[in-house]
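Take a look at the structures below.
Both complexes below contain chain A, partnered by chain B and then by chain C.
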Partner chain A sequence: MAGHGDSSSSQKKSSEVMNDVPTFSAENLQNNMKVIYYSRTFMSIIGGVIAGILGFTGFMGFIFYFLVMAVTSIGLIAKSKFSVHSYFDSWNRIILDGFMGGLMSFVLFWTFAYDIVHIF
Partner chain B sequence: MAEDLVLDTAIRDWVLIPLSVVMVLIGILRYFVSKLMRSSQVPDPKIVKEGQVIVRARNLRAGANFIPPKSFRSRRVYFSNEENGLLFVPKGQAQNAQAQMFSDPNMAMDMMKKNLSMIIPQTLTFAWVNFFFSGFVAAKIPFPLTQRFRSMLQNGIDLSTVDVSYVSSRSWYFLNLFGLRGLFSLILGEENAMDDTQRMMQMSGFGFDPAKSLSAEKDGLDIIQHEWALPKFEHRAEEVLKKLIR
Partner chain C sequence: MGLGFMIGVFGVLILSHAAYSTIQYRGLLKIMEEEFSGPPMNVVLELLLGFFFCIWAALTVPGNFLSIHPESEENRIVSLSANLDFMIFNHRAKVFPLEIDMKLKH
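Our next item is the complex of A and B:
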């Protein structure tokens, strides 16, 4: 993951004390959200360029996008050492957040790279 | 029927790349301009005070279970007391706040400036694109679309047999508009991206904010049931220590 230049801002523990009523440090939670957003955006840009260069068209390209998103999710889960609940408040965040925004960037860079390489 | 059109290299050099570069530069320019224009704004003390009261009430709600019942109740009464509680805003005063917000010249000017700085570069760039870059095929989208998109995407091209994937530069402009948001948030750091829809929503909801959020906080505080966590702490500490010993 370090090879992809993953944004090296660290994730902070957002629930230190696991009470019966779990408490979250809102500031850390927000910081973790930002980290997810940056990672997603970056990976979708890189993924778009790769898809364009390799010449994916149609559905293959979108499947590649889902693949890239899945890899990003797995990377984030691994970075939080598999204890997702002490860094985020729900599963959906780490898997689904930032999906749509990343899609637009992916399509832009995919079109760009595809055109430059294949219809040059 | 998907013949592969061979497009002129000059289109790549003189249309796609300059358009993207121009949009990135305009975004950066707009960010700096908005930063410059925002520096002269003295915060109104009354609004700041109300904001802090809201933050205090929210903290009380979040930490309600960690303080003894009596002190929680006394704090709650302090906030939501009918006569002089901090969160209780009589109806007449609420309306006043909104009217004051809109007739205050500084605030109105600020909102208008922000709106304009959002709309004008987009309009100008769109007009520029239409004037210079129309009438030819600019790019090919890598995925197929239905025929209904043809009128939207192939605006300057008057042939109807060309594949819908070949689009005009207007659609390249829109693609850039949406796709560069992510890039801006990476370059310009921390959510300074061009979230125009978000900002417009913020604009419209700003004037009436204090009164409504005060009563919302008061309702939230009234609802809360106090459940003191202290008796369970000893139990929890015992469990943690047991785990450590093993």
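Our next item is the complex of A and C:
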């Protein structure tokens, strides 16, 4: 049985699950969050490069970023085979997590690609 | 994992080729002294293709989702981390014959 000092997985005995808050394996949840983070960061970078190549300036670029993030969210939900609750504990994680950090990467690569393609 | 990575690299290569085409297109526009309104259609198609390859790579390369329910099929086995307190060395393997090949050192 899992020891008390074991921090890698938090699983309770099945007799306690019935009258307890729903519990989940934190290690697997962390792994899932890591997967989402990598996917979103990579797609932010690719979205930034595409926005720079297409020559978006100003507001259009941010609209494009939201579009790319929406497509990534849909892709992640499809990857979890539409049963989000068996991999995450709330909807917010798969939809909103990594949004702001991705925005910084997006703007960086957007200006980078725009400069390379259109200015130099 | 290898295939997804290759597809991702391929998508990035397609994007860089599209960037190069756009740079050449802009050079052409400078010669003809026209305004840049948008990249040509084949560049847009190339960007779309590269985008789809990169999305596919972004969804498959980082790894699979693991189920967080303790009672799901793949979480059945409880695994303890390698903890020195639980390792024992005083077990039955000592009755096995030794398999050291005795080589004379020169």
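The rule is short, and it goes like this: the second predicted complex is superposed on the first by the 99 of 120 C-alpha atoms of A that agree within 3 Å, B and C clash if a C-alpha of one lies under 4 Å from a C-alpha of the other, contacts with A are read in each partner's own complex, and residues count from 1 in each chain.
One rule holds in what follows: a residue touches a chain if its C-beta (ideal position, glycine included) is under 8 Å from a C-beta of that chain, and two chains touch if they have at least 3 such contacts.
Keep in mind that what you see is a predicted model, and the values were worked out from it rather than measured.
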item	value
Which of chain B and chain C A:I116 touches, first, second, both or neither	both
Dominant toucher of chain A (residue count), chain B or chain C	C
Partner chain in contact with A:K79 - chain B first, chain C second, else both or neither	second
First (chain B), second (chain C), both or neither touched by A:V49	second
Partner chain(s) touched by A:S39 [first = chain B, second = chain C, both, neither]	second
Chain B versus chain C as contact partner of A:F88, first or second or both or neither	second
Touched partner set for A:M69, first chain B, second chain C, both or neither	neither
Residues on chain A lying within both footprints (that of chain B and that of chain C)	23, 34, 38, 42, 116
For the chain B and chain A complex, residues of the former touching the latter	4-7, 9, 12, 16, 20, 62, 65, 139-144, 172, 175-176, 178-183, 185-186, 190-191, 227, 229, 232, 236
Complex contacts: residues of chain C adjacent to chain A	8, 11-12, 15, 18-19, 22-23, 26, 36, 38-39, 43-44, 47, 50-51, 54-55, 57-59, 61-72, 75, 78-81
Residue ranges of chain A touching chain C (in the complex, touch as defined)	1-3, 6, 8-9, 11-12, 14, 17, 23-25, 28-29, 31-32, 34-35, 38-39, 42-43, 46, 49-50, 53-55, 71-72, 75-76, 78-80, 86-89, 113, 116-118
In the complex with chain B, residue positions of chain A that touch it	19-21, 23, 34, 37-38, 41-42, 44-45, 51-52, 56-59, 61-62, 101-102, 104-105, 107-112, 114-116, 119-120
